[in-house]
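We just call them A, B, C and D in the order they show up, numbering each chain from 1.
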Amino acid sequence: MENNHALVIGAGISGIASALELANGGLSVYLIEKEATIGGYAASFCCKATDVCTKCSVCLVPEKINEVVSHPRISILVNSIVTGISGENGNFRVEVFQKSQYISPERCIACGICAEVCPTEPKAILSPLAEAVPYSYSLNETQCLRLKGEDCNLCRERCPTNAIDFKSKPKRQELSVGTIIVATGFEVFDARETGSLGYSRYPNVLTGLDLERIFNREGSLKLPSNGKEPQKIAFVQCVGSRNESHCYCSQVCCKYAMRFARLIKYQNPNAEVTIFYIDLQTAGKGFDKFYEECKESIRFVRGVPVEILEAPSGELEMKFENILEEKGNREVFDLVVLSVGMVPMKDSRDLARILGINIGDEGFFDAKPFDSTETNVEGIFLAGTCQGPKDICDSIAHGMTAAKRATEVLTRWK
Amino acid sequence: MSREDNKIVAFCCQHSAYQVANKAGRMRLHYPDNVRIIRVPCAGRVDVQHILKAFEKGVVGVLVMGCQEGACQHLTGNTRAKKRVKYTEDLLKEVGIDGGRVKMVNLAPDMAQRFVGEIKEMAEKIEGR
Amino acid sequence: MIIAERKPLEEIKNMLAGYKKILVVGCGTCTTICWAGGEKEVGVLSSQLKLASSGEGNELSIVEATVERQCEKEMVIEELRDKVEEVEAILSMGCGVGAQTIAEIFEEKPVFPAVNTTFMGMPEKEGAWVEMCGACGDCFLDRMGGICPVVRCAKGLLNGPCGGTRKGGKCEIDPEKECAWVLIYQRLEKQDRLDLMRKYYEPKNYGAVQRPGRVEAATA
Amino acid sequence: MEVRARLGIFLCDCGKSLNNIDFSKVKERAEKFQDVVYVGLSSCLCLKEGLEEMLSVVRQERINRVVIAACSPELKENVFRKALEEAGLNYNCLSIANIREQCSWAHEADVTDKALELIRMAANKARLLQPVERKDTPVNTEVLVVGGGFSGMKSALELSELGLRVTLMEREPVLGGKLGEFEGFYGFETTPKEILSSVREAIEGNKNIGVLTSAEIIRVEGEAGNFTVSIRRGEEKVSRSFGAIIFATGYTTEILPQDFELKPDVNIISQRKLVEMLEAPAGLEQRPGTIGFVLDVSDENSRLPFLSTLNNALAVKEKLGSEVYVFCKNLKVDSEGMERLYREARERGVVFLKFEEKPRISKEDGRVKVEARDVLRGEEVVLLCDFLVAEEKVLPPEGTQTLSSMLNIGTDSRGFYQDENVYLYPVASERRGVFFVGGCRGDSDLARASTDISSAVTSFIRLLSPRDVMVEVKPQKCRACLTCIRVCPHSAVKLVRVETGEEVAKISGVACDRCGICTAICPAKAIRFEGYADEQILAEIEAIGESL
């Protein structure tokens, strides 16, 4: 039995790394992605360099994305999920469900005419984000007049490439593959669950992810409430990590918080930045030097806040326990950033059930001891943060590792 | 040759600045249209002669746009470019073209605003020359 | 190898005052290798001259050329014969030898040096050279552990070191530079020849080479 | 003889959406450009129908250089190149003018003139493009793995599993390394000693792996695919060829006396000493009542000391039942399973004390006294312990500096292998074909080491695929000034003797990473980078400001 096809589920950075290595090793790869675009979270992050690179690795992402898109042996299926599987190691048959593609990403040339002519408000046709790959428009089913049964055909008539098809049906297809890599990634902890910190209630309480996206889009930081430059900023560590229900360290938050803190200080030297923490995770290549620099300009306070309240002025009053000063304390900030951690994908249980792979104590997919890519099912491997928190570099390395294991399986079968 | 129009040449590293320029376009961040982007494999490929030649052709501002310091795929490409830009500035001063009209800019692939800002700044500088 | 440095543009421009058509000649050997006057530098200087002259409203017409070795008459003639005719003056980017060779061949055209020939040296790293030899005509490296104090000691002492050597073996005059005599001591120590340090050397005969120097191989 | 360029210009108005460009004017003017034999306009050049039409024109008009004026080359360049290859053109005969992202979309006003100028720049360049050859350089597939610890042995095994030959060399007389210094991994049945011996057995029984112990590298020459390594084994010197080198030389640890005021002695001990005690508890005169660990004194940014402390503290609890105190500044829990391990330790009675100021350590009645201010409890703590396990600083092994300068490869701020540059992460170096895995590239743990290993193996496989030669030295222009050799960040250039007997620089197609640094710096202009050659870049500049 010879099958030189591999399936990678999830086109985030580790799935992309896996797909590239599999394809470079000579295999044909199906890379399927639940969302409409590939790249995952990392694609929406921002560079955190000041006048020098601070090694956040975000710049590695766009190039890998471009490489995967143009690789001749990789087929990408977006808007797709796995719904069933049969067969075994070396010869899996995987059922893939693809949502209706009202606008075909293969035919859309992103000219934007459809969005221009769309008569609804807000538009039913959404323009892609600047970093989106594939770079194509998408249709909001709930807004579209045609899909609501009305007789509107404006976008389809005007589309120069006939990319729009209202009759598009969800597609089920069966892929025959020798090996599978699961790279479904993580979800960001929903900070609303820690209600006392006021996320989504107060405009000036943001998460680390919000900050990534703000810097990516705007290039600098403004207060959401009034557009002014914040002067007193607090970072709160371990939001959604290292507690009873998330008994692990998310590995990335201390580093991104410190990098952001330095970036904010770089852009606005007068800003006062405080980081509230339990334990600082400062190990890692080159980070020691960076941490020493941070100590000079950033205030570190041991202890995390219990509550954040908004004063009538819009300022945020934070109640925290400063362990060093042995007493409860209050302080006022313009902006509070919650350093949210990584949690398992909500639908990972469904995928685990379909594939027959185990879920570990923390809710991430379970790997074998001493080999974090191997699952309980032969021929199915794990890559990246679906197995547990990792930063971008570790995710890439993990993706490469999974690819290596999967290649072994297929070469052995040959 | 028309010397009236104030052209700017931006040598853009394909790993960073060239992508940023595309991102700026996608975000419809408008910037002066007198800039001409030349794609290079690394800022370290840009040579003194290229910059001088541009000025010879009547270009009035040159930007060399590479990756962030410490993030060059070829380790020294952007720092070498920076030195070369500095040297070219001196050469241009010798011929009476003031130094500010060549500039090294370090960018990451997502810094569309910075990119547009730098171009606007150069455009303003050459307006007021 | 011969090391040279390009002259400031101002100086070159002054030499060229009044000429409209010039030939800029690089040398493909020493001055290429020391980044002072190879094909690339010819291009850079030409660009600069064009920019400067067009800024002043009288654009120079420039012909560019590079001779493999400017100090070789045959090579100069071969490469420049046709190009010289159309110009009024020649700008040499070779060393002083190269410029003089060209001047000797094309006597009717003025030849100007665009570089200063500085010394004979060795590359330290890319783009940096250090002086090693002063061409004194009376080599005594055999006794100096292979390190020439005539040029590498700031004072050119034959019996060093002087009293001013700094901590860490640095030179009194320029703390960035190594004291040549410390280097000589260390070298001789490695070779177990430290006794040479105790020897006194008579003042050197700097007249060993009768100027202008001339050497003819006995077998020629 | 040079074939005269026959330029075809293919304009794409992106579904007629680029409204600020007047395409009819563009077409009319572009037709007058030099060497242009065809100008066509499409609305969807990148789609099947557009491509087919383009190819038929290319064939019909015998076009040999193509200019496409459309969206950014990052999007569709590969699509266009592939299509042109079908029409029998080399992929490099294409030049793209980015008139969408960097022209139409970037400006509000009419940009017809700008678009025209961009097209002229691309056309100028296209005229000078040369077909590129794909060279299948023979690559030696045998790999040298340096370092016989866990990472080295595992690397050798993984390579051999893919059918590759491996030479595994180790400085010491036996394979082994640092893993033996862990007593156990808490919660795992298999002990590190068992892991090591099973790996060692697998190595010994493997026909594809040759082992050289007591061996040291004295010289490395050559480049990816073809390294020549001189190795010394006692008196004997051998020279061998390899396609790649994987460094797995690990780390060393040392208790730095200045950090502890006291020298290691009978009761200020290392983790290794503790493990020895735990292995033979019967050998102890009496069961230690209290054992302390002090961390974050030598180095507050390292994970490894925590990993061994947590595992060994739990082992102490289990085997000796002593009271255990851990003094530290910040718990390093950013590795898989560490938070759970920490909680487990707490539950088993290990006491953690956090300090801001370095603890004071002294001797009292033959025991070790640790005094510190515990910030969690806000009080001064004085602990007398029978044994104090002192923090060991994790350092690069001896010889790292020598080897890295020999290889012309950077190290990080702590002196470990691999420059701090994200493009090299996880395991690459600036020199293609040289990889670093595990502890030798800095703070690592078992999980990270094993992903390093597989990453290095996959990176090596990627190295084997054929590459196009883009950057070449013109031997007749080369002055052998060595500048390129000195500046190449990837050590891809060397001096070779050509047929004429002259020595000239030569760029290895396998090792070159195509940055063009050498091309820009060469004082003799002897290096040509196809696609970014001087004449090509200057031709683009030449088009700027020309009347259109």
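Simple rule for what comes next: a residue touches a chain if its C-beta (ideal position, glycine included) is under 8 Å from a C-beta of that chain, and two chains touch if they have at least 3 such contacts.
Bear in mind that the values here come from a model prediction, so they are computed numbers and not experimental data.
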Chain whose Cα centroid lies at the greatest distance from that of subunit D:
C
Identify the chain whose mean C-alpha position lies nearest to the mean of all protein C-alpha atoms shown.
D
With contacts defined as at the top, give the pair, A-B or A-D, that has more of them.
A-D
If you average the CA atoms of subunit A and of subunit B, how many Å lie between those two points?
33
Where the CA atoms of subunit A average out and where those of subunit D average out, how many Å apart are those spots?
23
Subunit B to subunit D: how many Å between their CA centres?
29
Roughly how far is subunit A from subunit C, going centre to centre by Cα mean, in whole Å?
60
Could you tell me which residues belong to subunit A and also touch two or more other chains?
53, 55, 59, 135
Multi-chain contacts in subunit C, i.e. residues touching at least two other chains, fall at 40, 43
Which residues of subunit D are in contact with two or more other chains?
74, 420-423, 487, 521
Should the pattern of chain-chain touching be classed as line, ring, star, complete or other?
other
Got a list of which chains touch which?
A-B, A-D, B-C, B-D, C-D
Give every residue of subunit C touching subunit D within the complex, in rising order.
28-29, 32-33, 35, 38-41, 43, 123, 125-127
Quick check on the complex: what are the subunit B residues that touch subunit C?
47-49, 52-53, 55-56, 91-92, 94-97
Residue set of subunit D touching subunit A in the complex reads 14-18, 43-44, 46-47, 71, 74-75, 77-79, 82, 158, 161-163, 188, 190, 195, 299-303, 330-340, 343, 354, 356, 375-376, 378, 412-414, 416, 418, 420-423, 425-427, 441-443, 446-448, 450-455, 457-459, 461-462, 465
Interfacial residue positions of subunit B with respect to subunit A in the complex
15-16, 19, 23, 26-27, 67-71, 106, 108-114
Contacting residues of subunit C [partner subunit B, same complex]
8-10, 40, 43-44, 47-48, 50-52, 55
